[in-house]
Amino acid sequence: MPSTTYGKGLRGLSLATLAIIALALALVFFYAPLDADQGFVQKIFYIHVPLAIVSLCGFIFGAVLAAGYLRTGERKWDMRSYVAIHMALIFGIGGLITGSIWAKASWGHWWVWNEPTLVSFLIVLLLFATYQPLRFSIEDPERQSRYASVFAIVAGAFVPLNFIAVRLAQEFVHPRVLTLGGGNLPGSMRLTFLISLVGIALLYVTLWKYEMAAKNARSQVRRLRRTLLGDDNIRPAGRSAAPS
Amino acid sequence: MRTALILLRKDLRLELRTMETVPAMILFALVTFVIFHFGLNRATIDGQLAAGVLTATLLFAAMLGINRLFVAEREQGGFDAFLLAPVDRSAMLLAKAAALFLFLAALEVIAVPAFGLFLLGPSLGPPLPGLIAVLALADLGLAVIGTLVSGIAVQTRARDLIGPMMGLPLLIPALIATARGAGPLLRTVHASSAPPGKWLAILALYDLVFALLAYAVFDFLLED
Amino acid sequence: MVEEPPAIELRGLARYFGERVALSGVSVRVRPGATLAVLGRNGAGKSTLLRILATLLRPHAGEVAVFGEALPRRGFAVRARLGLLAHEPLLYRELTGRENLEYHARLHGVALGRVQRVLEAVEMERRAEEPIRLLSRGMVQRLAVCRAVLHEPQLLLLDEPRANLDPVASELVEPLIGRESGRTRVLTSHDPRAALAEADLVLALKDGRAAFVGAPTELGDAKLRDLYA
């Protein structure tokens, strides 16, 4: 596995991410128009929606990587899938909190059941919240990887299905500020939104690579110590939900 | 197919011998009706509320069965014995899903009339055919997803927790479709005689997608 | 004439559980009809080896072939030809002995008449209608032997086969799983001397590695003591 180096190009990527996010923030604060009804708080939309979209894509990305594990049986795929899901979960919680603030600003309530996207998102997060406990309660690392991958694939397939089902369950849908592509937004809002989306997506990719690089380095150090010091002189790895 | 029947027959015999699962599910459902009676402080309920109470009760009762589905295999070497035989491994999925479906059907044969007796305002007779159609599709989904979830959870240390934590969110779309499909049937006035086609279609689609998915991944749960 | 493939051939077999090495670099070749005794202390890797041969665990490195069929890829072809007698009886406690055996007979596609014959062979036919949970451990072990040989496997994997058996019962199972059964056998035992007496070939494991492979006569007392030190 040492062949893959996740650190490569990481500096450039980090700088690009920073630049795009700075640009996005500048646009959010100084360029995008104030919403007539909702005022300043509406601007959280530029963070909330990209967070949610990136998080969902992250879950599906994790499912695809998990399929890679089941196909090849190589642990690096499981590690990739783990990091993808774990990052998506963090982004998702961010998306849920910002969404709640936005809901308060738009509709006067911290939580609204008639916004299907928000509700679906909550269900998806509740499901993926099981991912870590599931991993943690399986001792054998190989089985842990295999079962976590099966779960990731099932849960990944669940994401779109769940959105359809929840969407259909709404008798009338709240008037929407946007569709996923930002189709009915005025031009300046759309541009800001798209730049934010790119920024958050880059942030996700960068963080994913950072964590992969760290995990990879740690396991290489471990392997090295093992070769140099011998098996008996190494403290066995503690039980963990993360693949090693 | 033949293998699945051998496994199913063994599972049913074990259940008849031990009476571990189905009676517990039934008692659980009956107690839940009583709890709803007091919790809602209503003598009778109808419409969407009735459909929701029935669906939630059946879902939670199903969780009991789902948790126990693979316990004998895990604790008494059933997995190893099965894996030692020169048979197709998908038979296990088929047999367990069939067993769970039959357990759920047995639960509903008692629990649905009891619901009609205890809580339901309108008479159970007219909506019954529609209700059976909705519940049959719901049971299929429960059986497939339940088998998958149980197969994952049984190998974990905290299987009694992991099962419901995974299973309940996965079943929410099925719960939505079941409750909304059954709601119009249970109204006191303007009750419809057939469940809305939209929800039946969604349930059927959900069942189908997860059946295929389960078929694709289940073998990985049996390997070691 | 094509030469018959060895019953078992291991080359550089390794298996890990996470970071722990269960087996590493194990190579051995067993000819058909021979008995291989696997010796070693608790946790030396004996049961892991048996589970890999039984197609229940997949090897992580090296080659494993049973009757010339590579594992784990050809597991399906091997399964019909091997019988495993593990620590656990692999019988359902709530079912009777006969029900358990009939279930296994159906799974293996064996005629149900065979169940009665093996039950008689171990003198369990009169207790066959009682649930397993009511039987003594020795009786359960006798039924487990029945289960393992029900489908007339050519290869028997025996993990402590005589555990819980009294001398009489031990005699009873002899034709089924003993040398005279004519099957290729891999056996482990808590009593190395008994195992050595039965074996044609010895594989001694120490911390997952082969400490000795050879004829039982070549394994001297000193080596044997070292193995269990």
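In this document, chain identifiers A, B and C correspond to the written order of the chains, with residue numbering beginning at 1 in each.
Everything that follows uses one rule, which is that a contact is a pair of C-beta atoms (placed from the backbone, for glycine too) under 8 Å apart; a residue touches a chain by one contact, two chains touch by 3 or more.
Please read these numbers as outputs of a predicted model, since none were measured by experiment.
In terms of which chains touch, the assembly is arranged so that all chains touch all other chains. Set against the Cα centre of chain C, the chain with the most distant centre is A.
Comparing chain C-alpha centroids with the centroid of the full set of protein C-alpha atoms picks out B as the closest. Taking the mean of the C-alpha atoms as each chain's centre, chain A and chain C sit 48 Å apart. Inter-chain spacing, taken between the CA centroids of chain A and chain B, is 32 Å. In this assembly, the C-alpha centroid of chain B lies 40 Å from the C-alpha centroid of chain C.
Among all residues of chain A, none touch two or more other chains. Residue numbers of chain B whose C-beta contacts span two or more other chains: 223-224. Contact residues on chain C toward chain B in their complex (touch as defined above): 51, 54-58, 76-77, 79-80, 82-84, 86, 88-95, 99, 103-104, 106-109, 131, 147. Per the touch definition, chain C reaches chain A in the complex via residues 17-21. Chain B makes touch with chain C in their complex at residues 3, 6, 10, 13-14, 17-18, 72, 76-78, 80-87, 223-224.
Residue ranges on chain B touching chain A, taken from their complex, read 148, 152, 155-159, 161-162, 165-166, 169-170, 172-173, 176-177, 180, 198, 202, 206, 209-210, 213-214, 217, 220-221, 223-224.
Those residues of chain A lying in contact with chain C across their complex are 140-142, 226, 231, 234, 236-237, 244.
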